[in-house]
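Here is the structure we will look at.
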Amino acid sequence: MAGSTFGNNISITTWGESHGKALGVVIDGFPAGMKLTEEDIQIYLDRRKPGQSKFTTARQEGDKVSILSGVFNDVTTGTPISLMVENTDQHSKDYGNIATAFRPGHGDYGYIEKYGFRDYRGGGRSSGRETIGRVAAGAVCAKLLQELGVTVCAYTKSIGDIKIYDFDLSERDNNPLCMPDPTAAKKAEEYLEACMLNHDSAGGIVECLISGVPAGVGDPVFEKLDAKLAGALTSIGAVKGVEIGDGFVASKTVGSINNDKFKMENGSVVKLTNHSGGILGGISDGDDIIARCAIKPTPSIAQAQKTVNEAHEDINIEIHGRHDPVIVPRAVVVVEAMCAITVCDAMLSHMTDRIDFIKEFYKK
Amino acid sequence: MAGSTFGNNISITTWGESHGKALGVVIDGFPAGMKLTEEDIQIYLDRRKPGQSKFTTARQEGDKVSILSGVFNDVTTGTPISLMVENTDQHSKDYGNIATAFRPGHGDYGYIEKYGFRDYRGGGRSSGRETIGRVAAGAVCAKLLQELGVTVCAYTKSIGDIKIYDFDLSERDNNPLCMPDPTAAKKAEEYLEACMLNHDSAGGIVECLISGVPAGVGDPVFEKLDAKLAGALTSIGAVKGVEIGDGFVASKTVGSINNDKFKMENGSVVKLTNHSGGILGGISDGDDIIARCAIKPTPSIAQAQKTVNEAHEDINIEIHGRHDPVIVPRAVVVVEAMCAITVCDAMLSHMTDRIDFIKEFYKK
Amino acid sequence: MAGSTFGNNISITTWGESHGKALGVVIDGFPAGMKLTEEDIQIYLDRRKPGQSKFTTARQEGDKVSILSGVFNDVTTGTPISLMVENTDQHSKDYGNIATAFRPGHGDYGYIEKYGFRDYRGGGRSSGRETIGRVAAGAVCAKLLQELGVTVCAYTKSIGDIKIYDFDLSERDNNPLCMPDPTAAKKAEEYLEACMLNHDSAGGIVECLISGVPAGVGDPVFEKLDAKLAGALTSIGAVKGVEIGDGFVASKTVGSINNDKFKMENGSVVKLTNHSGGILGGISDGDDIIARCAIKPTPSIAQAQKTVNEAHEDINIEIHGRHDPVIVPRAVVVVEAMCAITVCDAMLSHMTDRIDFIKEFYKK
Amino acid sequence: MAGSTFGNNISITTWGESHGKALGVVIDGFPAGMKLTEEDIQIYLDRRKPGQSKFTTARQEGDKVSILSGVFNDVTTGTPISLMVENTDQHSKDYGNIATAFRPGHGDYGYIEKYGFRDYRGGGRSSGRETIGRVAAGAVCAKLLQELGVTVCAYTKSIGDIKIYDFDLSERDNNPLCMPDPTAAKKAEEYLEACMLNHDSAGGIVECLISGVPAGVGDPVFEKLDAKLAGALTSIGAVKGVEIGDGFVASKTVGSINNDKFKMENGSVVKLTNHSGGILGGISDGDDIIARCAIKPTPSIAQAQKTVNEAHEDINIEIHGRHDPVIVPRAVVVVEAMCAITVCDAMLSHMTDRIDFIKEFYKK
């Protein structure tokens, strides 16, 4: 089954490996008539770029995006938008035993069993560079959402055990960890430095806040808005868990607390609390949508680790090279992208939900 | 967008509302040649049936399944398997203000905004009865998996704050809460009784263990096996979070611990630990697959709650009637079903992953 | 691959065999708020019912439809509409060597190779009764189209060599062959009687006229409106060819003739001719859409035919029993149904084609 | 709805406009382990290249393909194969009133109504250059088919009224019209020269012969192998009709003739005739598969034509420039490509049709 396509009305297909000629995405079904320039997309790609602090790899990935199709005179035409980033840093090198080892925490073993062989250069398709296509497509969808009054904003919620405490979104871009709390960011930096000294790595949690989605978006069964978000977020490499609203905490509370009460406020239906995270029964309830995902520690570490190679021999492996000690900060924009694509797609779906919508459209 | 279909090679389409004439599922793409009787499916449906203890509603739902198509002489034909359960308990009644109120914790408000009106009888499509189709299809897929040496087994991991401690799977069916630990089950029963006295409800966690999936099943990007599982599980009503393997705990640990080391054992590649929960890079690693989901407290409670009605008036509501004080035990078989369908579908996909597989099939 | 589902926004899944318990269809994604009763659907099903003339089998198939879900108080709810027709005429009988023979002109041999065995009772899934689900779904979509000012009307264009000449649509229902030309109908009846005397069968052409679709519906590449129609029509059993507009005749003409010239008329863009059949570049051009399909002679004939059986022996076979000498008249409503579903789906798609449509919908 | 993706197991997504930076295709789900070089693809692209005779436009389109991903050391990796052809001939020019006119026979009017505006440069997405992606993907699928013993071969069946008579496939590449009959080719050339003198254009028929597909490939309902072929072929620009086997002729014959009789020959089931065109009931019957499509005359002609522009004014238009007087010869390889993709996809599907296939694969 072809698994590189995501979405229904707007559907994205990503392609490319870490060390191939290029990576990219085709966005199909995107509506015509929206202003779009490479700069709109570059801003998002720059946020996932490495080499921006000591906590991200020193690789210099230019990651300049080109719009190859689907845009004419800076306006989307309704036909597939093809976006490409060339790999400038794809020099061949000696991968040593990494080329044949099953790196612990990586998908190498599964890849070999699935495909019979693998592109070992930089992880091939399983590389974090695969997210370039997602982020580029996310930028385009985020722009459409913006025109509809919807904002999508992700940030680091925790790194290791260190959680944000005094939430101040304006601080997110003032530290290399994308934490909207400078005090927590400071502690997290210290924690990461300790990890790096041990040749070890850390994980964390990314949270995403989606504001402005009206009630009524989503679907009651398999295409529940939260199910789509959960699938979208878990499809990001290294994500091991997803929550909507109170998430696992909801499993420990009682109904009388967890149920958000509705009330009228200035002529609108609002909720007194938002334990639901903006989604009830798979459909948006008009409140902020809150999704959260757990990201495991970077599997590539310089410590010696026992493992097995393709010849099925027990070996030791040390993974040197340019690896982020924590994936979380660079995953923030990827989470944002996947949420933007998912919500955008669902909002388009909603337009055909009712006969009266359709008759109004066709003026009948 | 049509959202009642799930799966690629094997694809299920569920239909039906709480108080319609019937509910059911069409399983399309199911391979020909498997023995299948109504009894195979009934066993699973009986596990989700209410009225089996004081913790499940006293409704008498016969829930007898009929195979309407796709099976000839007790063998699947390869054509769509249509399964139906008639609603025998669909007597009309006075729904009072529930018919027009936005019940807190329910999807009513979103439904109204999405569809313009709603079938208020028993929750309509958002009823737990919608899972009948999932469970019936899950039974069929579980049978196929069994023939491939794969078992799928879910159980209650926790209710409220009470977790299982001494894991003993053989105990799962000895208590009404499906907890594989009799001591924990006892405590959980006491906790639930207290909830019921308060006219309140509880949540919990269901875990699913999938054994026997060989390495190499899954996909590297949007159709990652864990992404499909996360989407499948979050599509179950009341699920607010999903974890694979260590899940959120992985976000707090370090790479040197979280990375499962590989070694050779009796000529096979095995892992020393299973933090990954059997999936790495979206592809099975040969170990047990472990998925977990958080289920919120039953939203229907008899306590008075503030809310709003369709006329946009602030009102009070008390939801009396037959409601489970906890959804968790009845969700166990639903979780099992969604995992079985997901894994079954992925195992079929794997068959076309390689040229050598294809050439072997076509004997070229 | 599951192949019993058709359509994107509105998606239908048919199920059922000739001699199973029942046949049916699930219509998913159908918009909420449309009046719908069983009578609306029954009218279409009655048109495909056999036993209505000497040219259709004498079987008495009641074919009474039940709406099992998706409709509340005679209004569609937006959730899956499940429609079922019970098989009342499913008595077991001795199929003789038909049970194991590869009937010429039938799919038996392919079925055996594909599935390993087959449900030989009445053709199983390959029976014409499979179209019940299509027709039922077509009735529902035709009703929606009607509300949008679109009509879909099919009729018999030819039987054998006898074509309609004086087109008069009001005559279609005045003869058993659905020919909108009483003179041609008379000749065709005579031709069919001659075929029947020879224990032989005939084919013909069905044409469908779709009026009222505005320009701009369809898609430029794989989901071209004509490509969808061609796929939809060829998916009807016994169809061997499809044409849009002038079809094969267009291959023999020249550009200066085949190009329909545009002109302004009463403030509207119109075409002077309609060689295109209402579709240019995959997108509707505002003119009547014209599709046509060739239907082969009924393969079941009472003449002795050479063939092979499952034991790979050369045998002779005579297929007695209740078989239409021509499929065409009963296919008319099936063609209408598939066109209605296809156009309905495409019209919903069009609603999300442009940013200005979306912003208008979300009032931004 | 996103409509630039085709196929299930192997799924292709094409992108690009006539005068954008580049055009291409992403082939997702293609199995791992097949040798593949740019040369394999270039051979196919060169066959659709213009400028090869007086009957194709004199444009010099280099159309050099690059493999951007999915191939490592000349072997497919199982991940998306991204193929790109840069547009070297995209100089801006003055399109005059073509930029705003609705060219007769073209999709311009529908595009404007659908998208609100259009990329008028060379037809944008509706250009014949859109087929580059199809042909490139077709080359890849044809190579896979070849490894399975399946060949796909298309040729010109007729141009205008001139049909091939003495079929000799070895002659196909000896004339610029791809006609496997030199005498017919000669007459067709004379006919085309006459058309060109009149500033007019011609159409024709392309036929495709697919050999080596075993019986049992395809599906009984909406994914019938012929339905997929019909949809695939009609999705090619300018195709107005499709036939399988005898096609429209079958509508005029009788069952006793049209039914292909089976017999045993050297231990195999064979047919005495092939009126079915290799497909019965949607499933291959082991014989050669024969598909045919009607292609309309090139709509761009230099004759003055009446039409309307975007300002809704009646105007006259003459379309000068580099246009093929007949599309047919260049469509041959496109037809071959679409057939190869369709059959390849269906053959992969067949692998999961039966429990015994699956158990054999998983050695259970």
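Just so it is clear, A, B, C and D label the chains in written order, and each chain counts residues from 1 on its own.
Quick note on the criterion: contacts are C-beta pairs under 8 Å (C-beta built on N, C-alpha and C of every residue); 3 or more make two chains touch, one makes a residue touch a chain.
The structure presented is a predicted model; accordingly, all values stated were derived computationally and were not measured.
Asks: For the two copies chain C and chain B, is the contact made of the same residues on each side, with over half of the numbers shared, or of different residues?
Replies: same
Asks: Is the C-beta contact count larger for A-D or for A-B?
Replies: A-B
Asks: What whole-Å value do you get for the distance between chain A and chain C if each is reduced to the mean of its CA atoms?
Replies: Comparing mean C-alpha positions, chain C is 44 Å from chain A.
Asks: Hey, how far is the Cα centre of chain A from the one of chain D, in Å?
Replies: 37
Asks: Starting from the mean Cα coordinates of chain A and chain B, work out the distance between those two points in Å.
Replies: So the centroids are 25 Å from each other.
Asks: Which positions in chain B are in touch with at least two other chains?
Replies: Only 1, 3-5, 8-9, 14, 29, 32-33, 78-79, 114-116, 125, 214, 220, 352-354, 356 qualify.
Asks: Which chain D residues qualify as touching chain C in the complex?
Replies: On the chain D side, the touching residues are 1, 3-6, 8-9, 14, 102, 104-116, 125-126, 130, 158, 160-161, 195, 198-205, 214-224, 226-235, 237, 239-256, 258-264, 267, 269, 272, 276-277, 279-286, 294-301, 303, 305-308, 312-314, 349-350, 352-354, 356.
Asks: What does chain A use to touch chain D in their complex?
Replies: Interface residues on chain A, with respect to chain D: 1-5, 7-11, 13-17, 20-24, 26, 28-29, 32-33, 66-70, 72, 75, 77-82, 84, 114-119, 121, 124-125.
Asks: With touch defined as at the start, can you tell me which chain B residues reach chain D in the complex?
Replies: Where chain B meets chain D, its residues are 8-9, 29, 31-34, 76, 78-79, 144, 147-149, 214, 220, 347-348, 351-359, 361-362, 364.
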